[in-house]
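Each structure below is given as structure tokens.
Paired with chain B in one complex and with chain C in the other, chain A is shared by the two complexes that follow.
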Partner chain A sequence: MKATYIMQKEIRESILTPKGFLWYILTSVILSVMSYLFLTNNELSLLDQGQMLYMIMNFITALGVLMGLVFGADAFAGEIERGTLEALFLSPVNKVEIATGKIGAALTNWGIIFAISLPYLFVVGKGGQNLLIGIVYLAFLGTFLAITFSAFSMGLSARIKSMKNSLIISFFIFLLAGAPIFLSAAQRRTWFGRILDLINPFADVINTFDSVVIDSQGFGYQVARVAIICGYLVLSVWFLKRSVSRLEM
Partner chain B sequence: MIISVENLVKKYDGYTALDGLTFTVEHGDIFGFLGPNGAGKTTTIRILTAIIKADSGNVLIDGHDIFGEPLTVKKIINALPESNGYYEWMTGREYLQFFSNLYEEKTSGQEIYNLLGVVGLHDKEGHLIRSYSRGMKQRLGIARALINRPKLLFLDEPTNGLDPKGRRDIHDLLIGLNQKHGTTIFLSTHLLDDVERLCNRIAIINYGKIVRVGDLDRMKEKGTIEDIFFLSTKEGTL
Partner chain C sequence: MKRSILFLSMIFLATAANYASASAGRITVSINPPSVQANMGDKITYAGTVTNNSDRAIDNIIAYISLANITPGKEAPLDLEDWSANKAIKVDTIPPHGTYEGQWPMRLIDSGSYVAYITVVDKNDNMPVSSPMSRLEIKRLLRLNPNNVLPVAIGEPVALGMVFMLVAFRRRKRVK
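Let's turn to the complex of A and B:
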């Protein structure tokens, strides 16, 4: 229950502010531009609906991860730097409840991004294959990934207590997570490419989207990747819990 | 007694911040905790308020072990840290309501209004905290620290950076709290004027050790508070 109050505070502080609205307006603008290009550009419109849907799903996931990392980096280090965390710690709330409230706010942020993206997904994917199942996978895997990266970034923020440093490290993690995208098809078929693809939660999610939306493969094909994503989710929540429990001013 | 501290030790990376601290505070005291910068005052308060853990030693707050029952202790104490930050985008009322929600026993809207009145901010309850002066923020911080009607209130340098009027307001507020509500106040400061005006007992800490403790009036029989402070904190005199 106390976590709910922390979550409400976080939502008011980061989401229901002009800054928060600006993020969502920008999200909406970027998605509008992408959708417009997909549907009108001659070269891009050679792509089938499934390909377009897959690309826009990747973009939405990346945006969710990126914003989760920013949220996480600010969560504890930002409060320490602003001098507000000590008053929270003086209240009879345990640190894990505080972290739960902050994760709840990060998830709300992902939920808003997902909600904003829904009309674009329908417009871009309309008439193509696997639209609904693609959206279901995006909802679940996007949520898992948002929790994973937010929790990791929050844990980092609690450990290094510097917003600037946790933000920089989080961005590096984001680039690392996106690294497989930059590999060519040939490189991805090498043993290194395969391992990188498999152990990278972000790559696992986009490969699952590929498999579901483009190749129309069933859940049986996704089990290994989904299990790895869930593994990362558990690991990052454990890391957050451990980091926050040890956090001292 | 409301605070009992025995052989408290805290080290940071080999540096001993607290070196066997032992003292007690009685119910109803305004206890001055004096010491030069870096003596260990803030570390002591953070341990006594269950913000950080000590390496060894025992602390009982109103009979509760601070290390074994931190959440129980947090229900009966509160504190205003030295560098207290505020959610500047909230109004004074929202700020107090938020902290009230974190306690099982909630404070009603009327009680929050009364609390703002106690610290002289009832006419500013709907204003954003970012529009408050430093003294007003400090008084809001004290109101936040009173939200759970604590038996024991820790204040870390509460008058730092305030003008004479702001300091006087805080002094009057603390005296009122102590006399009307019987709140025990643990006041960490290096401003001797604050101590003279407010405290009945003091302890002087230097290099993580208590070097003097006792009734202020008795100490003053031997010299001014300034003499006692400098004599106690001068290197090599102990």
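Let's turn to the complex of A and C:
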């Protein structure tokens, strides 16, 4: 319950501000441009509707992860740099509840991005294959990934206590996680590419989207990847809990 | 000497002509429709019929469709993968005097004049067999609002902007 207060405070301070709101307008503008280009170039492009839906789902996931990382990096290091962590520690809320509230705010941010993206997903995927099931997978796996990366970044922020450094390290991790996207299809089929694909939670999510939306494969094909994503989720939450419990002023 | 060369040449030509007509006669290929007029973005399907005119079954033949751009100044064969066309079809067997019907659906990506034809390759023959050419005219078409994207693409950022202004206005009012 106390975590809810922290979450509300975070939402008021980060999301319901004109500056925070600008992120969502920009998200919407980027999604508008992408959807319009995809659909108007449909006749000329090599992309079918499933491919377009898959690409837009990847983009939304990456955006959610990126914003989760920023939220996470700011969570404790930002409070320390602004000199507000002391006041937070003096309040009758323990460290784990503070972390839970902050994760809740990061999750709210992901929820808003997901809600903003829904009309675009429906427009781009209309008349195509696996639209609804794709959205269901995006909702679940996007949430798992948002928690994983936010919790990791928050844990890092609590340990490093420097927003700049935790943000830079988080971005490097994000780039590393996104590395399989830059590999060619042939490179990804090698043993190295396959292992990298399997152990990387971000690659697991986009490969699951590919399998569900483009290849129309059922949940049976996704079990291993979803299990790995859940494994990372548990690990990152454990890392956050451990980092926060050691946090001292 | 001249007579010998002439005689040998005649034998060679006769053999070659016989060989070519034999392979071409054993298999015939047709393509349907014989001509198509469509718009960019349309999906059409070419049907090809491979007929075995011989008394023996034909095994393991490959049938594939080709498209050539004949628009003046743009003459070139096309990579059909871009047009979402089916790849080559492997036909296991066609019984004597039997037929095989294959279908090649494709999405028309670019405007222009094209010819489409189906070719059959039999590993026991040296000559591929092709169908007559089907003319394909694709008209340029620009859709500015496909899937009704514009209301969402314009409306959502505007709606969010309005909510943003409302939040900012309320905050300012509260501060005052």
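Please note the rule applied: the second predicted complex is superposed on the first by the 244 of 249 C-alpha atoms of A that agree within 3 Å, B and C clash if a C-alpha of one lies under 4 Å from a C-alpha of the other, contacts with A are read in each partner's own complex, and residues count from 1 in each chain.
Going forward, contacts are C-beta pairs under 8 Å (C-beta built on N, C-alpha and C of every residue); 3 or more make two chains touch, one makes a residue touch a chain.
Since we're looking at a predicted model, the values are computed, not measured.
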item: Combined model on chain A where chain B meets chain C, clash or fit; value: fit
item: Partner contacting more residues of chain A (chain B vs chain C); value: C
item: Angle at chain A between chain B and chain C, C-alpha centres, nearest 10 degrees; value: 170
item: Which superposed partner A:126 touches (first chain B, second chain C, both, neither); value: second
item: Contacts of A:186 with chain B and chain C, given as first, second, both or neither; value: neither
item: Partner chain(s) touched by A:2 [first = chain B, second = chain C, both, neither]; value: first
item: Contacts of A:36 with chain B and chain C, given as first, second, both or neither; value: second
item: Which of chain B and chain C A:28 touches, first, second, both or neither; value: second
item: Touching partner for A:248 - first (chain B), second (chain C), both, neither; value: first
item: Smallest distance from any CA atom of chain C to any CA atom of chain B, in Å, after fitting; value: 6
item: Chain A positions touched by chain B in one structure and by chain C in the second; value: 17
item: Footprint of chain A on chain C - complex, ascending; value: 40-41, 82, 84, 107-110, 141-144, 146-150, 152-154, 156-157, 160-161, 163-164, 167-168, 171
item: Complex contacts: residues of chain A adjacent to chain C; value: 16-18, 21-22, 24-25, 28-29, 31-33, 35-36, 39-40, 42-44, 46, 48, 116, 119-120, 123-124, 126-127
item: Chain B partner contacts - residues on chain A that touch it in the complex; value: 2, 5, 9, 12-13, 17, 79, 82-94, 248-249
item: Residues on chain B engaged by chain A in the complex (per definition of touch); value: 46, 49, 51-53, 71, 74-75, 78-79, 81, 83-87, 89, 98-99, 101-104, 141, 144-145
